[in-house]
Amino acid sequence: MGEAIAFYTIAAFVLGFAVLVVSTKDTVHSVLFLVLDFLFVAALYVLLGAEFLAAIQVLVYAGGIVVLYLFVVMLVNLKGLPEEHRDPHRRTKLGLGLAAAVLVELGAIFASGYARPVPQVAEAAIPVVGNTEEVGWLLYTNYLIPFEIVSMLLLVAMIGAIVLAKREL
Amino acid sequence: MADGPVKDPGPDGPAGPGRTPASDQDAASGTPASPSGAAPVVTPASRPAPKPAAAQPPKAAAPTGPPDPPPPEGQSPPAFVVALASALPDSVTQLSYYVGDWTVIIPVAKILEVARYLRDAPDAAFDQCSDVTVTDWPARPQRFDLIYALYSIRHRHRVRLKTMVAVDQPVPSVTSIWPAANWLEREIFDMFGVIFAGHPDLRRILMPEDWQGHPQRKDYPLEGPGELLMENPIDWLKLRQSRDEADIE
Amino acid sequence: MFDTNELVLNMGPQHPSTHGVLRVVLRLDGEKVVDADVVIGYLHRGIEKLSENRNWTQIILLTDRMDYVAAATNNVGYCETVEKLLSVEVPRRARYVRTILCELQRIASHCLWLGTHAMDIGAMTVFLYAFRERELILDLFEEFCGARLTYNSMRIGGLPLDIPSGWDKKVLEFCRIMDTKILEYEELLTHNRIWLERTKGIGVIDGPEAVAIGLSGPALRGSGVPRDVRKDEPYAAYDELDFDVPIGSVGDTYDRYLVRIEEFRQSLRLIRQATEGLPEGPIVGKVPRLIKPPAGETYHAIESPKGELGYFIVADGKSTNPYRFRVRPPSFCNLQGLPRLVRGHLVADVVALIGSLDIVLGEVDR
Amino acid sequence: MIDLFIIPLLKIAIVLNATLVGVTYMVLLERKVIAWAQSRLGPMRVGPHGILQPVADAVKLMIKEDITPVRVDRWVFTAAPIISMVPALIVYAVIPFGPEVTLFGREVTLYIADINVGLLYVVSVASVGVYGIILAGYASNSKYPLLASLRASAQLISYEVAVTLTLVSVILVAGTLSMVGIVRAQEEAGVWFAFIQPLAFGIFFIGGLAETNRSPFDLPEAEQELTGGFHTEYSGMRFALFFLAEYANVIVVSSVATTLFLGGWLRPFPSVDALAFLDIVPSWIWFLLKSFVFLYVFVWVRATLPRYRYDQLMRLGWKVLIPLAIVNLVVTGFIRLMVL
C-alpha cells in the first residue's frame, strides 16, 4: 500500500516535471526541470530496489550530462527570434507526427505485453535488492557485446567532438 | 673621460664657434623679451588663454635660459663628443660643462642623426635613454629646451643633448632609436605641447584626454581650470559642457 | 564573449591587484593578451609644477609623496642634486647615515613588493610576513625622524638630526632578525613548485631589449644587465662600502624575484658595514641659510628600490625656487615596458607582471 | 516505531546540528590557524579568544540586507544557494561516525543509514552540488560571476573524474560500496587503506582540494581578475549559504577521506594488539580527530601555497591526476586479480 502511494506520487512528479520541461519558455528553467525529473526517476529506481541504478542515474545524468546541456544553453544565446521559415506550422506538424508515432509504439507495447505473460526468467534476473555485483556480472557476460559497442560509440563520439572543437590540431 | 686626453685641439673646434652664437642669441633674445613678455608665444589654438601674462610682470625680466657655461680651461671633452663633431659636421653648436655634467647642444634638424650616432658609435654606445624632458623659457622665441639625458651601460658615462624648439615646431621623435623615449615624449607633449613627428602614439598621458592646455608651461596658471572660472565663467562653462559631452560619448 | 573575436577587458583603476589606481586595457584573444594599453594619471598631483613654486627646502617634503614607500630615497636623490648644484660637500657621517637610511628603505620597499607580489599570486602568508618586517623598519624610521611613511628626513647638505643614541644597535639587531626572515620568505616561495610555475618563463625579456624599452633597477638586472647606479656612479657612501650587484640570467618574473631577494641580503650587508663603520663628525655641510644655487642645470641619478631615480633641476640663480624641477621616475619608465611584457601571456599573468615590475603609482603619476 | 522513526530522526537532528555548528567553527578554525601561521592572533574580541566569533558572524549575516539585484533570474537566484547547500548536508546520511553502541540499553548505530551503494551515493550527491555554482553564475546576470561559475564548474567536473577513479580503486580493495563495509574491510585487513593505496590517497586529497575550490585551486573565487567569483552578487543569508556550503563540503571531503583511507572510527594501527588500550577512547572521537587532522591540513595548505593559474590547474587535473588515477586503478585491479 505504502509502496503504491509512493510510486504514484513519484510518478506524478515525474510526469509533471516532464510537462514543465517542454512547456517552459525559459530554456535554462527547462533544463532545471529536466534535472528534477531525473532525480525523481532515480527515486523510482530506489523504489524498485535498484539503488545502484539510482545512484548512477543521478551521477551520470543529473550530475554530468545535464550540466553540459546547461553549459550549452547558457552560452548559446537563445533569446534571439527564431529564423523565418516558409511553413510556420512546420513544428506543429512535426510534433503531431512524432506524438502519433509514440502513441502507436505505446499501443504496440501494451498489445504485446498483454498478449503474452511476462516470462518468469526476467523476474529472477531483476535483482531483489539493488545488487551492484549482479549488474556487473550481467554487463560483462550476457550484455558484453552491447556494452562494448556502446563504449566504442562513445569513444567515437568523443573523438568527433574533439575534432570538431579543435580547429588546428 | 678616461679616453679623453688624446686630442687637445679638438675641444676648441666645436666649442669655439659654438660659444659665440649662443651668447649672441642670449643678447638678442634678452632685449626683445622685456617689452613683449610672454604674450606672443602663447599657443593660439590649444587653450582659451586665461590671461597668464598677468602673473609674469612682477619679475623684472623673465630668464631666457641657463648659462650653459663652456668647459673650463684644461677640461677636455670626452672623446665621443670630439668624434661626433667630426663625424657629423654642424651637429654640435655648443658644448657645455657644469658641475660635472657634459651637455651637447645640437640643432633640432640633427636630433635623429646625432642620436643614432651616439647610440651606435662604439666609443659612445649610449644605449639607455634615461630621461627626456623640457625646460620652458617663455621669454625666448625658441621657447623650449628639449633635453635628452643619455647613459651608456658599457662605458658608464653620461651626456645630455639639448636642443631649442619653438612652439608648434615638430621635433623628430627618437622612439625609433630609444623605444624608452615613448612615454617620456608623450609626457612632454602632454605637459608642454611639444609635438613629436613620427611618434607612434602621441596622446596625453598624465592629464585627461580632453584637457585643455599644457600644465607645465610657465604661463599656465597654478590652479588650473578653477582660475578660468574666476576670470572667464563663460569659457569655463563651455569647457565643462564639452567635457560632459565627451563623457557621455 | 566566447567567440574568437578580440575581447577588450578593462582592469582598474579600481582593481585589487593593480597596486593603486593603474588602469590597464587588455585586448584579449580568448584568455591570451594580444595587447595592453596602460592608462595612468589618476594620481597626478603636478608635483613637478608644484615644486617649481616652492622654495628649495619645501620641496623635500614633496618628494616624499612620490614613491611613498621609499620616501627617504627620494629625499636623498633630491638633496644630492641640489648639493651638486650648490657644490656643497656633505660630511662623511651624513653620507653614511644616508646610506643606512637608503638601504633600510630599500628593504622596506622590497618587503612591500614581495608581500603584494606574492599576494597577487595567492601566497597570502608571505604578505603578512613581509609586512611584519617592514613594520620593524618603520619603527626604526620613527625613532630616527618621527614619521613612519613620509619622512622628510634629509636636509640639503646633510641631515636634520643626528641618529638617536642606541639607534645603530637597533639597526644591527634588525639586520640580525632580517637575516633569518629572508630565509623564511625563500622557504615559502623560492623552491615552491606552484610559485615556479607561476613565475618561470613569464614576461621574458632579454638584456638589450630591456635597456631599450627603458627598464631600470631590479627589473633590468633580472635580465642580466649589471646596471646599478650605486656601483656605476656612486653617491652617498657607496664607493666606500662593499657590495655585489645580483643579476638574473633569463629575464623572467622569477629572475626579477631572485634579484630582489638577493638585494635584501646585499642591503643588509651594506647596512652592517655602514653602521659599524659610522664615522664621527658633523652631520650638515656648509650650506648658506638661504639656499639659492647659482644658475645652471644638472641631472643626478640615484638607485631607488624601483630603479634609476633621476632629478633634473634647473636653477635660474635669482629666485629661491627651482626654475625647472623634473623627476625621472623609475616606476613610470618601468611601467612603460608592461605592454611588451604581457603580450602573449594569460590574464592571470598580467597581475603577476604588474607585481614583478614593482611600481608605485604615486611615482608614476607624480 | 522507535526504531523506525524516532531514532533516525534524532540521529538526523544531531548530525545536522553538529554539522552546522561544525561548519561555523570550521570558519573560526581557519581564521585562527591562518592567523597563527601568519604570526597574528585572529579573532580575539567575541568571547575568550574569539570563541564566540561564529555566533557573531552568523548574527551579522542573518541581519544583513538580502539584496536581490534587479535584472536577475529570481527563482534561480534564490534556488542556487539552496541547491549548493543541500547536497553538502545530505551526504552525512551515509558517513559512519562509529559502529554500533549501546545507549540506554538499546543498540544504536552511529550512522544514519548504511546503504549498499554508500560511496556511489556520496559521489552522485556531490555531483549535484555543482548546480548551485552554475546557476548562481547564470542567475546573477553579470559577466564576472558567469565566467567564474563556468570555471568553477569546469574545475569541479574535471577533478571529479580523478577523484571517482581513485574511489574505484578503493572499492576494488575493499570489495564493497558500503561506507560501513569499507571501514570493516580496513579492520579485517588490519591496516588503513592510506597505506595500501597511497597514490589514491594523494590524488583524492589533491582532488578534494580542487573540488571544494580551496587554495591552491581557489581561483574561481579569489582570482584577482574575477573579483569575488560566482557569489559576487549575493549578500546576506544567501551568501552565507554558499559560504557554509563550501565549508560543509570541506568537512564532507575530510570525513570521506577519513572513512576511506584512515580507517574511519578505528583506532590507529587496529591490528597491533599492544595498542589496545587506545580503545578506551570512543570510536566517534577517533573519527572526529582524524577528520580534524584533515581540516587542519586544508587550512595549512591555504596558508602556505600560492595559487595555480587556470590553465595549469586544468593541466594538472587532466594530464597528471587522471592518468595517474587510471594507472593506479589498473595496477590495483591487476594485483587484486593475482591475489584472488
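Just so it is clear, A, B, C and D label the chains in written order, and each chain counts residues from 1 on its own.
Quick note on the criterion: contacts are C-beta pairs under 8 Å (C-beta built on N, C-alpha and C of every residue); 3 or more make two chains touch, one makes a residue touch a chain.
This is a predicted model, so every value here is computed, not measured.
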{"item": "Subunit C and subunit B - chains in contact with each", "value": "none"}
{"item": "Centre distance in Å when subunit A and subunit B are each reduced to the mean of their C-alpha atoms", "value": "78"}
{"item": "Whole-Å gap between the CA centroids of subunit A and subunit C", "value": "64"}
{"item": "Separation of mean Cα positions, subunit D and subunit B [Å, integer]", "value": "67"}
{"item": "Cα-centroid distance, subunit A relative to subunit D, in whole angstrom", "value": "30"}
{"item": "Inter-chain touch pairs (all)", "value": "A-D, B-C, C-D"}
{"item": "Touching residues (chain side subunit B, partner subunit C) in the complex", "value": "59, 63, 66-67, 69, 98-101, 103, 127-131, 133, 135-136, 147, 149, 151, 153, 156, 158, 160, 178-184, 187, 191, 204-208, 215-216, 220, 222"}
{"item": "Partner subunit D, residues of subunit C touching it in the complex", "value": "1, 9, 11, 15-17, 31, 118, 120-125, 128-129, 132, 188-189, 192, 194-195, 197-198, 346-351"}
{"item": "Subunit D residues touching subunit A - in the complex, by the definition given at the top", "value": "73, 75-76, 115-117, 120-121, 123-128, 130-131, 134-135, 138, 146, 150, 153, 157, 177"}
{"item": "Complex contact set, residues of subunit A against subunit D", "value": "26, 28-29, 32, 35, 39, 51-52, 54-56, 58-59, 62-64, 67, 70-71, 74, 129-132"}
{"item": "Subunit D residues touching subunit C - in the complex, by the definition given at the top", "value": "34, 37-40, 143, 215-216, 218-219, 222-225, 227, 302-312"}
